[in-house]
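Here's the structure, in C-alpha cells; my notes come after.
For reference, chains read A, B, C and D in written order, and residue numbers begin at 1 within each chain.
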Amino acid sequence: MTTAVSSSSSFNSATVRRLLPLYGVYVALAALVLFNIVYTDNFLAWNNLRIQLVQVTPVVIVALGMALVIGTEGIDLSVGSVMALGAALIPLYLGYGMVPAIVLALVGGVVVGLINGGLVAFVGLQPIVATLAMLVAGRGVALVVSNGKYKDIRDKDFLAIGTDAFLGVPYTVWIAAVLAVVVGFVVRRTVFGRRLLAIGDNRAAAQLAGVPVKRVLVGVYMIAAVLAAVAGVIQVSRIGSADASRIGLLIELSAITAVVVGGTPLTGGKVRVLGTVAGAFLMQLLTATMIANNLKDSTAQMVQAVIILVAVYTARERRTR
Amino acid sequence: MTLVAEPQLEKAEAASLRTERIVELVQRQGALAVLGIVLVVGLVAYDNFRSFDNAATILVSAAPAALIALGMTFVIITGGIDLSVGSLYVLGGVLAAWASQYGVAAAFAVPLAVCGVFGLVQGLVIAYARLAPFIVTLAGLLGARGLMLALSNEGGTTYLVDPGAFKDFGKGELLGVKYSVYLVVVLFVIGMITLYRTRFGQSVYALGGSEDAARLMGVRIRGTQIKVYVLSGLLAGLAGAINAARLGSGVTVLGTGMELDAIAAVVVGGTLLTGGAGTLGGTIAGVLLLQVIQNLINQDGKITSAWQTVISGAFIALVVVAQTYLARLRRVASG
Amino acid sequence: MSAPDAPLLEVAGVSKQFPGVRALDDVSFTLRAGEVHALVGENGAGKSTLIKVLTGVYQPDGGDLRHLGQPATFNGPLDAQAAGISTIYQEVNLVPLMSVARNLFLGREPRNRLGLVDVARMNREAAEILAGYGITSDVRRPLGLMALGAQQMVALARAVMVDARVVVMDEPTSSLEPREVETLFGVIARLHERGVGIIYVSHRLDELYRICDRVTVLRDGKLVHTGLIKDLDRLQLVSHMLGRPMSEVRKEGFTSFGGEHAAADSKPVLRVADLNSRHKLTGVSFEVLPGEVVGLGGLLGAGRSETIKAVAGALPLDRGTVEIDGTVVRRPNPVAALKAGIAVQPEDRKAEGLALGLSIRENIALAVLPRLSTAGIVSERKIDKIVETFMTRLRVKASGPHQRVGDLSGGNQQKVLLARLLATGPKVLLLDEPTRGIDVGAKAEVQALIDELAAEGLGVVLVSSDAEELIEGSDRVVVLRDGAVAGMLRGEEVTTEHLMNVIATAAS
Amino acid sequence: EDDPAAKTTADSSAAVQTTKSAAAGGSTCTLTKFGGQKVDLKTATIGFSQSEKEANPFRIAETQSIKDEAAKLGIPAANLKVTNADSKFDKQITDVSTLIDQGVQLLVIAPLNSDGWDSVFQKAAAKKIPIVTIDRKINAKHCTDFLTFIGSDFYEQGKRAADKMAKALNNTGTVAILLGAPGNNVTTLRTNGFKEQIAKVAPNIKIEFEQTGQFSREEGQKVSEQLLQSKPNINGIYAENDEMALGAITALKGASKKAGDVKIVTIDGTKGAVQGIVDGWIYSVIESNPRFGPLAFGTATKFFNGEEIAENIIISDREYDSANAAADLGLAY
C-alpha cells in the first residue's frame, strides 16, 4: 500500500525474511500437521484426511475466486449469499434432471457476478460496498427463491456428487483440485490473468495500456460468483438439503482469511493460488484440531484469532521497509 | 487581503461553480435527502409512523448502532476498517451487566476499559506490524467473541443488571426520550468538534487522504491510527453498555453482522471507504435511514422476512449508486 | 546553542541500502547558512534518498548527521520540522481531498482559546499567504482540484511558512510554468537574504546556474564532486554527472533533436477535428503527418494533457472525431485507440503509466498481450523476445527483465513505458512530458529516440513544459489556451520568441 | 410445490398441543390482577414477533400455526402484525417496540433470548399490554411483565432424551453431544437436563465430546465427521435438535456406518427426523411441538374473559421411537 520509510534491512536474516512470506503458510501448515500427528488420535488415518479434504472443499473453491478478486484490489463479500442462491436453485429444477439443475445454479452465479462486476466496473462502486449490498440482498433472493424453506434432496445422481469417490478420492475434492489447477493456469499463463494483475497493481495505467478494464473486472467477479455457486452446489450434494438461510454463512470471512494467510496481499497486483489453497487447509486443520481435542468454543475462537494474526504477519510483504 | 478568487471569475465559471456547489451539497447530504424522502413516504402511507412514540422508538433503537458508526466513521476516514465492533459490542454488554453489581461507575468503566484495550491492541498491530486492518480486526472479531463466550460460560450465563443507578439510566427518560439518545447526541457533537476542529481530526483526514503525504507533512501516522481504533473500541464497548442498561442484562446472542450494518450506515452516509473524506452528519443520516427502513417494513407488517432482506440490500445499493452518480456529476461540473 | 558559523546541516559518510541497491555510499554533504546548494546527478543517483536521510524519513545504515554542529537523529519528518528543516518532496506530497487551507496548515493550524482549530482564521490567512504566490483560487476547495503547478506552490508556501532554517526542494520546478518558476525564484531570493540554507535538486541546468551557489554531484550513490558552481562550466558539470570524459558529452544547451522530418505531400496520419469536452476542450483540431512531430504548447492548464487524453480515448467527449490514416476511430476508448494505432504516454507515469508492482517484462508486454498469445494463453517465448528487443533498443538499465518497475530510477521507468508504447507498433505516439524528471543523459536518449521514431514515419504529438525542448523537437507547434487552439507555429515561426508571443497575445 | 398450510390443517386436530399441567408451577394471573382492559380478540390488533427466519420446520410451523389460528378465529389479516427478527436480538426488541407503538392489544412473542426484555416490559406495562411468550421462556415477573409462558420444558426434554439414551445403550457406552447455538438457554437447559439425568440413571455412560453444531444441519454434519474420526468408538449421539441429527446421519453414512451402529437421540419431532426412526438411523425423537396458535389464542381468550391464567403452561410433548414412528409420522411437522 505504501512505499518507503524508516529502518534498514540487515543481511544476516535476509534470506529468512525473503522466504518466510513466500513459504510461511506451508511452514505453519507443516507445524500443525506435526502437532496433530502427535496429539490427535487417528490423525493420519486416510479416513480422517479424506474428511478434512472434503470439508475444506467449499472454502477452497470460494477462496480461489476470492483470490482473483483480491488480485484486482477488490473484495467479494457476497460469496456466501451466492452459495445460498446456488443451493436454493438446485431443488427447483432437479425434477428435470441433475444437469439442468446444476446449470441453473451456475447461471444464478453468473447473474450475481454480472451485477457485482457491473456495479464495480461500470457504476464505479467500491467493491466492498457493492458486494456488501449483494451479501444482504443475495441471501434474501435465495430465501425468496426457496420460498423461505429448506428442501431435502433425494435425487440419487445428484447426491452422488457429494458422497461418491473416484480412485478413492471424493468427487468434490477432484472438482476443487481441478478448479485450483485451472485458476492457477489462468493467473500464470493467460492474457486474462496478466491483465487482472495489471488492473490490481494500477488500474489507471492498465486502462491507458489498452486493457479492457471493465470487461476483465466483470469477468473476475463473474468467476468468483460462479465458483461460489459451485461451492453451493457441492455443499447441497454433501448435506442432502438446500437450506438458503444457512449455507455459506460467514464463508466470505474464511475465504478472505485463507487468501490473505496464503500470501496474497489485499492491495492487489498479486495472486498466489497454491498459497490460497494452503491457507484454506491451514484454517481447516486448525478448526479440526480444536474440535478433535474438544476445545471449548471460546478458546477455539481466541486461538484462531491469534493464529490468523501470526500467519498473516509472517506472510506480509516486507519490501521497502 | 481577502478572498479574491470569485470576483475574477468569468460569468460562466461562476455559474458552473454554483451548480457544483449545489451538486456537492446534495451529494454530501445524499443520505439526508433520501432519509427525507423515506420519511415523507412513511408519514403519508402509515398512520402509526406519525406518532411521537414511534419516533422515540426509532431513536432509541438507533442509539447503539449510532455509537458504533461514530467510531467506525473515524476509522473509515483514515482508510481503515473495524470488523471487531460487533463482538466488542456484545462483550461490552456482558461486562457492563456483570460490573453493574459494583455500581454504575463500574458498569461503564469496565466495558470501556476492556474494549478500549482491545482497540488499542488492534491499533498497535495495525500501526506497528503494518497488517491490513481488515485482517487484524477480523481476528479481533473472533478474539472478542471468544473472550465474551469465556466470560459467560460459553454464552450460557446471562448476567442481569443490578437494580440501581445503571438500570435506572437504561430506564430513564427526559421529555419522553431515553437518556441514551441524549448521550448519543452529545457524543456526536463532541465527535464533530474533534473531527472538524482539532488537529487530531485533521490528521485523521490527512492519513486517509494520503498516508505518504501525511507522513511527510509530519502527521503522526501511528499515533493517529492507534487512536482511531481505541476510539472505535471504546464506542463499541459503550454501545454495549447502554444497550445492557436498556435490556437489563448482558445478552450474549447479540451483535452478529453488526459490523456490516455499521459499515453500511457509514457508507450510505457518504463516507468514502477509501478514506480521506466523510462526515458525521452523513453517518447519522445513514444510521437513521437504515433504522427507518426497518421500521417501515414493520409498519407494513406483510413483507416476509426473505423480502425484507432483499429490500434492505437493494436499498443500500440504490443509495450508494445514486451517490456515486452525484459525485461524478460534481466532478464533471467542477472540471 | 552552537557555534554561529557551524554548518546548518552536515552528514559524513552516510550509506543507505535498499534491497538490491546501494542508494547512498559513503556520502558527505554540508549545507551552510545562506547558501543555495544544488544537488545534482542522474536518475537514481541517490538525490532523493539523501534528502530523505537528511529529513528523517529514512534512517541511514551508517554515517553521522549533525545539525547546527550537534550530532542529531531525526526520527521522522516531524522531528526535522521541529528542528527548522522544511521539505518539498519530489512528488507533490499533499492531501488532495483536503482543502487548500487545511493542507497549508496541517499540523500547525491556528487555534482559538479553547484549543480548537480556528477555521475562519485559517482560511483567511491561507488566502493571504497564497496570494503572495500568485494563487487566488478558493482555499476552501479540495486541493486536488487545483492544477499541479498550483499544488506545488502550496507545498512551497507550506515549507516556507514556518521559520525554517533549512528548506529542501526536490525538483520543485518540474511541474511549474515559467511565471511560477519566477515566483519560486523570488521566494528563494528572499530566503537567501534571510540566511536560510537551501538544498535545491533539479535536472534543469540553467536554473542551477541562475540561483545556486554551490553544487554537489552524486553518481550511483557516491559523491563525485562538491564545490562552487561558478567554478564549473556546464560541460564539466554534465561530465561529472554522467561520469564520462568531457569530449564525449554533447555541447551544452542543445537538445538532441535533429532537424525537420515530415514529407509535406503525404496524407495526415492523425487528424483531430473539433474535440469538445465540457469545461475542458472547445473545438480543438489539428493534423499530424507521418514523420512529423507536432508540439502542443501553452501554459499550465491550457488543456494539453486533456487534448492528449481525448485523442487517446481516455476523456469522455461531447463532440469531435479522431481519424487515423483516414479512418475514424469509432467509440473512442483506450482499447479502440490502441487498436487504431495510437499509443499514449501519460503525464504522470507513476499514477497512470506503469504498474509499479509488476516486473519490467509484464509492463512491456501488457499492451500487446493479445498479439503474444494464442486462444488467450500467453506465449512466454514471444514475450521474452519482444521484451529483450525493446530493453536493448531503449537501453533500459535493470538487473533483468524480472525486476520490479517500482525499483527502477525515473529515467529507466520512462524507458520501460516508452518500450510498452513502441511494442504496440503504433502509427501515432502521444507523448505528454516525456522527459519530465529524468536526467540529462536519459533525456538526451529519449529525445534522440523521438527523432528516430519520427524518421521511421511515425506521427508524434509532443507536450513539454520545457520551451526549449518543445521548440527544438517540434516541426510545428499548436498553441492551446483554455482548451482551445490559440495559434499555430510552423516552419520558421517555430521559435521560443514566437511561442511566447502567441501565448502572450492569446492570454491578453 | 407443497402447501404447508394445507398440511398443517390436515393433521392439526391430531398434532395440536395439549397442556401437561394447566396450573403447574408458579402463580396465576387474572385480568383484574393484571389491570388491563378487556379486549375482543376478533377486532383487536395483535402483534406476533418471530425470532428467526421461517427457514426451518419448527419456525415455519410456529408462524403458520399462529396465522392459521388467527384466521380461524376470524381475525382480519390486517389486524395480525407479524415481525421477524432474523435471529438478531436487537432487532427483536425494536420489532416489539414498534408493535407496541402500533397499538397492539396482545403480544405473542417467540423470544430469541430469555433475558434482556426490560425495555419492552417497561413499555408494554405502561400500556397494559399482556404478553404471551411461546416456545422460550422469558425471565421476568409474572403478571406484571408478562402474562404466561406456553411451551415445552427444555430441561425435561433433556432428561427424557437421557432416559432414551440410557435405554438405547443399556446404560453403558460413550456418548457425544451436538450442542445447540451457544448462549441460547434452550441449549443450556437441554444440555443440563441430559447430563444430570445421565449421571443419575446411567453413570456408566461417558460423555466424551461436546461441540456446538449451531442447531444447523451443515455444522452438525461437519462436527460429526470430525467426531467420527477422533472418537471412532462412540456409541451414541445426543443431538439437541433434529437438524443436527440429520447432519450426523449423513456423516455416519459417509463413515460407512450402518443404521443403528450409533444410537441417535434427538429433540424436535420434524418429519425428517421421525422418518429417520422409520429408516432405523435414529433411535428416538423427543418432540418439541411448535403449533402454538390454538393454545396461545385460547389462553388469551380465557384471560380476557376473566379466567385465571397460570404462569407456565407446559405442553406435553410426544416422543417417537420405533414403536410409533411409522404410525405417527403424520403428526410430525
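The rule is short, and it goes like this: contacts are C-beta pairs under 8 Å (C-beta built on N, C-alpha and C of every residue); 3 or more make two chains touch, one makes a residue touch a chain.
Computed from a predicted model, the values in this text were never measured in an experiment.
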Third chains touching both subunit D and subunit C: A, B
Centroid-based (C-alpha) most distant chain relative to subunit C: D
Between subunit D and subunit B, distance of the C-alpha-averaged centres to the nearest whole Å: 36
Intercentroid distance (Cα basis), subunit B paired with subunit A, Å: 29
Euclidean distance of C-alpha centroids - subunit A vs subunit C, Å: 42
Residues of subunit C whose C-beta touches two or more other chains: 57, 76
Multi-chain contact sites of subunit B, meaning residues that touch two or more partners: 149, 154, 212, 215, 304-306, 308-309
Junction residues of subunit A - those touching two or more other chains: 3-5, 143, 148, 297
Touch relationships between chains, expressed as pairs: A-B, A-C, A-D, B-C, B-D
Subunit A residues within the subunit B interface of the complex: 1-5, 75, 77, 119, 123-126, 128-130, 132-141, 143-144, 148, 253, 256-257, 260, 265-267, 296-306, 308-309, 312-313, 316, 321
Subunit A residues touching subunit D - in the complex, by the definition given at the top: 40-42, 45, 47-48, 51, 54-55, 143, 147-150, 152, 163, 235, 238-241, 243-247, 288, 291-294, 297
Of subunit D, residues touching subunit B in the complex: 50, 53-54, 77, 81-84, 86-91, 93-95, 97-103, 112-119, 122, 139, 181-185, 187-188
Residues of subunit C defined as touching subunit A within the complex: 16-19, 52, 57-61, 76, 312, 314, 334-335, 337-339, 344, 346, 351-358, 362, 365-367, 369-370, 373, 376-378, 406, 420, 424
For the subunit B and subunit C complex, residues of the former touching the latter: 1-6, 8, 16, 193, 196-199, 201-203, 205-206, 208-210, 212-220, 276-277, 332-335
